[in-house]
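Here chain A shows up in two complexes: once beside chain B, once beside chain C.
And then the complex of A and B:
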């Protein structure tokens, strides 16, 4: 039988710190080699992944007492039901409607898992730390039940594949690469903790006082969890809130006879920070005093984003026309949705017109 | 014996029937907190709470460790039958002897 109490403050160890330093160092090195803006975005993504990994490591190392609120079985069961509902929602999502919703659900599930891990004093998380005989039997029961539940689900799917018609098989084929598969993986990871949280009775109150270092460790872990969850939400809101960064329309004119000429027009518009999209307008227009005409650009390629990170883009307008007065006009409108909180949308409208004398009439 | 529902293992601890105990009384007599008792016998303080509430049945090793700590025989602490109050057990034989005289 093990003899030391898991309630005791445990050493954090240097492993998370070393891992985090290595990952961030590699990320900075990668970022330093790229010079454009989207090198920064990719670096931010890399740092965010490192932050999540470090948070997971730190949370696993800190054994926090559930406290008065999470010690209640009723509260724990509500969290378990929320996880089950999120998984069902993921199963119900259409395969082509994944993306942003799944990311949001995964963030929510990560938060629930952290809450459940704390509520169960991380009994079901296989840490190299001593559990007493009751905790050991509780953990074993959680894993045993989780095994049978997952085996039941897998067996049911096998039966469906064997006996069901082609429609069900087609669904299963899609499910193996979409929401249901993600839900299954989430359950495979979280189910033992969920079962322990479900079956463990109300805990004994009050908890013994924590040491100061342990209190700080818990605070640091809580701040890291909050940061990991809030940063993508803020970046998603930034897509809608941060003003668009647009460079001036640059004009490179080439020498030509009086009244005629050609010019290359370039303009870059950037939306958001980290969750961002960049649109580049690059066109060459010529004019002769009677009418303007384009040589290249002002087509579908100018309506599409040249780069984007963690956003989805839908183009609603992409029109080029020559008016009767000889002006070439180009308009495009796009909607940018962040992958997290995908119900948010930013409308981007760009309009350029070059008249028959080479004057740029309008830009937005 | 009706198993108590909600125990962490099989509804009533490590066994299928409830084991009654006097841990709460003995702990109070010795002015020990749950945490101190847990430290002394090497378990989580929650385990002591579950033991006291009858929601967990201890292993033989833990029962012996508790008996050793309280310096009492195991059967004085644990029983398969509901236990009478200590005072009743202590004084009832004397009263019976007096009555018999």
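And then the complex of A and C:
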């Protein structure tokens, strides 16, 4: 006996997947479009979002048996607890300290969701196949419990924060644009699967034999999941290991008063691929044989990256000084942290020194 | 069990449409104030929810063992849809609260959702009614067509037809009783010096006084007025000083001068008979006393007067509020 027939029941389960992908994509694109000079990085970001959406759709379409290990209730419950802990961590994170940690948590939650979907044979999502009576009953119970659990949590939270005073309301207002809201969205997508994984007993029935095409579909889905999870991690590691790409220092003469000279100096340094930052040294310096002086490009406001995508930058040194021998020098040092694996850091130094005769003494 | 397809314009479907429209009015950013009609809207939604619950034989709330296979399948489909719709509903509420906040000229964004009792009530009603509403739509039958085997024809002597009305009245009654019993909150008063309000020889500022009943779920007396002070007197900023810098309107026995008021109507309880008077003391102190009558919405039944007063010294300091 089947509890639902896909021929008669239209599946709307892909809507939250698309919505989540759009939200993540918008967030990534927002971070990626700090300026529009990183055309390739923006393109890579949107390709990645499309890959995530395609992966989610493929994974939802491909059913796989949980296997001996994921068939155990204890293992499934551990994964469910990990998801709950990740959501609690997201709630506890300070609103201004999100960034890379949230992206990492989202990747982890995506992985857990894939594991849970496999562990429950995807009974909690609409599938292009009928469910048997036991699976249908599990899915329906999962949705009923998920509805009242999520409604209860959200309703209780709204009530308590409303009557607890203005401080609690301010927290809820902040929560709606930070980690707690992301946790709510995650639960709004994954909670039925989590509940099914929690309540389903140990599976002792042997898995039915799989067809060759199904085995290939499972492999393709696994490769797509692995790619979706690994690509951001590799890009983050790339910030640390890919050598910096710096152009040659370009020097353009510019009009100068009689007896002196002026030149514009330009140099671009890029760190990372996709997760990347670009620094442009663009300064004009004049000299008169006694001392060199800058016209622009060596101020504190110049101590910043010109573009960055999915990295955060912290300045550690920003110094301009004129030596006693008339040389003017500018040193800018910064640490670049990828938004994923933000404990990684790459040190970058931009430095230039021009002596009193207009000779560039050093540059980095 | 009949296999008839549902009629498009059956009574339950009309009720569902009406509920959706009323809920949208409750959650909508426009109008920015429900002017006291919110409690009636909530009572309507609860009453119609009871009608739909009876029509569906309360299947959403019943145990699986009490349902046959078709009923169980319909209920479970409703829960699956309701789970998805709930997330969308919350998102819609946050967005509409932010829009309403912007229409008020503020930029609190999502904080407006957390701070607005209207959205809190809309969210709670959404959670409570959504499965029943969704269950009703695909298999709507008018009550007359409902199976005669309805297990709850009478309950404790109350007929099924009376229960929705009683539920609505109960909501209004509990709301009104709470309004009557809950102590009024403390008076909050702030004086904001304003460079746009100037008067020769004096300093002016805007005074905002508020007192709430039931933390915004009851009523709120919000008063905005302008005052000036010059070290010798404090006076209504919308008047001018008389000769020699004295207050021009000395208090008249039995005919106190009225102050200019701006009272925001509450969403859930109507405010009427508002008044504001000024009292001047020899020390130069100005006392503003405002009061309003709050009724529960049923022809003044369970009405209550709330009062807020503050005193402002001749140096512009808020002295006390009660």
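Following the convention adopted for this analysis, the second predicted complex is superposed on the first by the 318 of 364 C-alpha atoms of A that agree within 3 Å, B and C clash if a C-alpha of one lies under 4 Å from a C-alpha of the other, contacts with A are read in each partner's own complex, and residues count from 1 in each chain.
The criterion applied here is as follows: a residue touches a chain if its C-beta (ideal position, glycine included) is under 8 Å from a C-beta of that chain, and two chains touch if they have at least 3 such contacts.
Every value quoted in this text rests on a predicted model; they were computed, and no experiment measured them.
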item: Partner chain in contact with A:338 - chain B first, chain C second, else both or neither; value: neither
item: First, second, both or neither for A:179, with chain B first and chain C second; value: neither
item: Touched partner set for A:297, first chain B, second chain C, both or neither; value: neither
item: First, second, both or neither for A:358, with chain B first and chain C second; value: neither
item: Touched partner set for A:232, first chain B, second chain C, both or neither; value: neither
item: Chain B versus chain C as contact partner of A:132, first or second or both or neither; value: first
item: When both partners are placed on the shared chain, which of chain B and chain C touches more of chain A; value: C
item: Touched partner set for A:272, first chain B, second chain C, both or neither; value: neither
item: Overlap of the chain B and chain C footprints on chain A, listed as residue numbers; value: 3-4
item: Sites on chain C touched by chain A in the complex; value: 72-73, 76-77, 79-84, 86-87, 90, 94, 108-115, 117, 120, 123-124, 127-128, 131, 215
item: Chain A residues touching chain C - in the complex, by the definition given at the top; value: 3-4, 9, 12, 15-16, 140, 143-144, 146-147, 150-151, 154-155, 158-159, 161-163, 169-170, 172-174, 176-177, 184-185, 188, 191-192
item: Of all residues in chain B, those that touch chain A in their complex; value: 6-9, 13-14, 33-35, 38-39, 42-50, 52-53, 55-56, 58-59, 61-62
item: In the complex, chain A residues that touch chain B; value: 1-7, 73, 121, 131-135, 137-138, 141, 199-201, 203-204, 207-208
